[in-house]
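Please go over the structures that come below.
Two complexes follow with chain A in common, the first pairing it with chain B and the second with chain C.
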Partner chain A sequence: MIPLSADSVGKRYRSHWAVRDCTFALPEGKVIALVGPNGAGKSTLLRMAAGLVRPTAGELEVFGTPVRGGTHPDVSFLAQNRPLYSDLTVRETVRVAAAMNDRWSAERVQEVLGLQAGVDHGAKIRTLSAGTRTQVAIALALGRLPRLLLLDEPLSDLDPLARDETLRIIMAEVADRGTTVVMSSHLLADLREVCDHMLLVDEGRVQVDGDIEEVLARHRILVGPAADESAVAGTLVSATRTQRQATLLLKDSGPAPQGWTDAEPDLESLVMGYLRASRARSSAPRG
Partner chain B sequence: MLTDVIEFRIDRHSGVSTYMQIVHQVEQAMRLGLLAPGDRLPSAREVVDATAVNPNTVLKAYRELEREGLVEGRRGLGTFVTKSLASEATAGDDAPLRKELARWMSLAREGGLVVEDVDALYSAVREEHYPVEERS
Partner chain C sequence: MIWASFRLQRVQLLTLLGVLVVGAGVLVLLRSNMVDAITSAQLTQCAARGGSACASDAQNVFLADWSNLFQIARILIIVMPILIGVFIGAPLFAQELENGTHVLAFTQSVSRTRWMLSKLVVALVPALVVVVVLQYLVWWWLTAAGTLGPRVNGAWNPVNFGIDHVSPIAYTLFAFALGAFIGVVSRRTLVAMTAAFGVFVAVRFVLVGQVNRFVPSERRVAVDAPAARDGGLQVGSGWLDAAGLEVPRARSLAVSDACRTAPSGTPPGQEEFLACMRESGLMNSYALVLPESSAWLAHLYDAAIFGGFAVLLLAGTVWALRRQS
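Take a look at the complex of A and B:
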């Protein structure tokens, strides 16, 4: 069953479309990287999937059920601002969360908190570092025993040790329960090692959607004489050019013509190529 | 059951995908005789605990090894090595070629060569004897 799908989803704030015409269906049991620069629409997309924001256009479905006015019971959402009551202790926070959720595993929460070295159960939330707050919020998210885990910038304020602990906890969740995970980040390097699927958004639109290895295998970077570009076959994603030389990112390209070098892109250059293309489109005069 | 037959070392900065690193490390362990038919590969969960990689990546690597006919997944039990890649020439610390290489390397060390010198010599000689175009 498809954990999360979107059909022509858009969200407009006043005259600005934060998300527009997004259509995708995420694969079950995978770890999905939701990547894009700041302001690309990642958080809006996640908040709509969690039922906290209503789309202006189109519809989202979670496990086949339309998302309307609330979080699906099988979904846990880690919001970017980690909303927790600052005057409660960690222990009290866990108790409140237990009372607020119908399906709840206190055992799972304790297990996750136990794996996080820095969390003092007696400390008030407001005394915690940003990283520790994130860790507590992740423990609560897992306490709902989700089948779909939506994490908005889960690693952004973690130190290297907490980052490693957190990734280990999330990956163990995938191994043990087959949970589908969507993690957003504006830093690709954060996610590339642990994700198998990518959803690249920019300017509110989906730019790339697919299995990372498959996406990479469909693209080539060709470098050759700028005067000779017409000899190259394939869909041009983006190009950088000097007076003599052209560097082309191509999708489904034919064989490289003589005089051109040909290589599979790494993830960074692929993402940069698509972002360059989406920027060029949005700054082009509209006819 | 032995769960620590081999442990994967994932280099996150090597530029080689995690999935290929796992495939290569299993193959290499098989060539060196560290993994023999009947041995169980670590479960995805065990690899996650040790390295924090994505369990789907581990399973994908095991599927590739299965496609190559080197291992077999048994439902509920794990993934087992079914083939031997080791030969007398490569397995064990006392394999003759290994001993000869070890002798060569200690000579290199005594001669004051640093690891980069050794790698450069080794790859140059390897290129002469195993040209890229002849490799399968």
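Take a look at the complex of A and C:
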């Protein structure tokens, strides 16, 4: 069953389309990286999938059920600003969240809260560090025993150690329960280690959707003389050119012509290439 | 869910509890002290019947001691609705929307409507209980003061009207719903508090006494009842002709002007004036009075208007929150 699919989904805020004509179907049991620059529509997409925001156009489906005005029982959503009541203690926060759910695993919550240094249950939320707040918010999200976990910037505001630990919690969840995870982030290096699938969004549209290994294998970075690009075969995604040298990101390219060096891109350079291309398209004169 | 709502409203609920306990204690004490004061000053008869039963010295001493306290108690009941609207109604949803904590609730399995209703009930019901209890105790106290207290001004007195019967409840409902609604729409606590205060005061001020027009008035012919001494409210007056029919206002004014300017130049006495009026066919003056016994009807209309506003605003709150994203 497809955990999350979108059919020409769009969301307009006044005259601005935050998300436009997005169509995709995500594979089950995978960790999906939702990547894109700030303001690309990642958060809006996740909020729509969580049932917080109603799409202006199109429809999202979670496990075959259309998302309408509420969060699907099998979905947990970690919001970017980690909404928690700052006056409550961790213990009270857990109790409030438990009271708001029909299906709830107190053990799972305790397990996550007990990870790493362990969270002090008596501490008020406002006294916690950003990393601990995220840990509490993830614990609440996992307490719902989700089959689809939507994480909006789970790694932002975290120091490298906390980032590593947070990723470990998420990976353990995937390994234990086969949960599908959709995770938005700018931290491409971190995502590369844990994600199987990528959804690259820019200007509100899906630019790349596929298994990361396959996507990377289909692309090449060719570096060669700027004067002669005629021998290069394949679909040009983007190019950076200096006076003497051209660096080209190509999709489905043929063998590198003479005088060109050829390498498989890493995730970061692939994403950069696509973002550069979509920037160039949007700034080019229309018509 | 109810526990969660209680926990999130803890500060407001504890404040209400404090107001209730302290307020009730103070009112009970004040009443018992006042009853003692009335007895020891031998004003019991005066309080019960008023008028000639009152020896002016003792009465003046009593009033100097107590009338300020009466005013404070009345003002407390008058302002309680808006305090509840501003400090409980307005932040109820505005604070969640401002801090983004509503996202936590909206992504759990509880429905938005249930979450809302649970919060509304936990915030509103205790506030209403406090209003009802304090209103009752103030009424109980002021009633014991009899003609020495402000109740002597009758049920139609605007301040007395505002603290009587179902009106305080209706005002509280309206203020609370207004605060909650503006809070959801503005998503800013401070804006909601300020706007709720302004709108409530304006609406309350504009509507003072407006319900009186829906209450049927009694026609009292001047000879029978000279004025509204029995707590009624005079809402009109005029003259009757020999057949007992009301004389049009323009004519009665013309005649009374003519009768007032006697040809001799000296103003006529009351008897002369009335005789002059009778000659022109204006037999009796009358007053239109809302009897004190119909005040309950005005309270019901008042409650219907403010309660109706409250219901509309609460429905608007639910609607706005359901489409909130």
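Going forward, the second predicted complex is superposed on the first by the 284 of 287 C-alpha atoms of A that agree within 3 Å, B and C clash if a C-alpha of one lies under 4 Å from a C-alpha of the other, contacts with A are read in each partner's own complex, and residues count from 1 in each chain.
The criterion applied here is as follows: a residue touches a chain if its C-beta (ideal position, glycine included) is under 8 Å from a C-beta of that chain, and two chains touch if they have at least 3 such contacts.
Keep in mind that this is a model prediction, so the values were computed, not measured.
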Partner chain(s) touched by A:G64 [first = chain B, second = chain C, both, neither]: neither
Chain B versus chain C as contact partner of A:Y85, first or second or both or neither: second
Chain B versus chain C as contact partner of A:F77, first or second or both or neither: second
First (chain B), second (chain C), both or neither touched by A:M171: first
First, second, both or neither for A:C195, with chain B first and chain C second: first
First (chain B), second (chain C), both or neither touched by A:E213: first
Partner, of chain C and chain B, that touches more residues belonging to chain A: C
Which superposed partner A:R47 touches (first chain B, second chain C, both, neither): second
Touching partner for A:G122 - first (chain B), second (chain C), both, neither: neither
Complex contact set, residues of chain A against chain C: 47, 50-54, 69-71, 73, 75-77, 79, 81, 83-86, 88, 92, 95-97, 99-103, 140, 144
Interface residues, chain C side, partner chain A - complex: 1, 3-4, 7-8, 99-112, 115, 322-323, 325
Complex interface listing, chain B residues touching chain A: 10, 12, 15, 17-19, 44-45, 48-49, 52-57, 60
Chain B contact footprint on chain A (complex, rising order): 29-31, 164, 167-168, 171-172, 174-176, 193-196, 213, 266
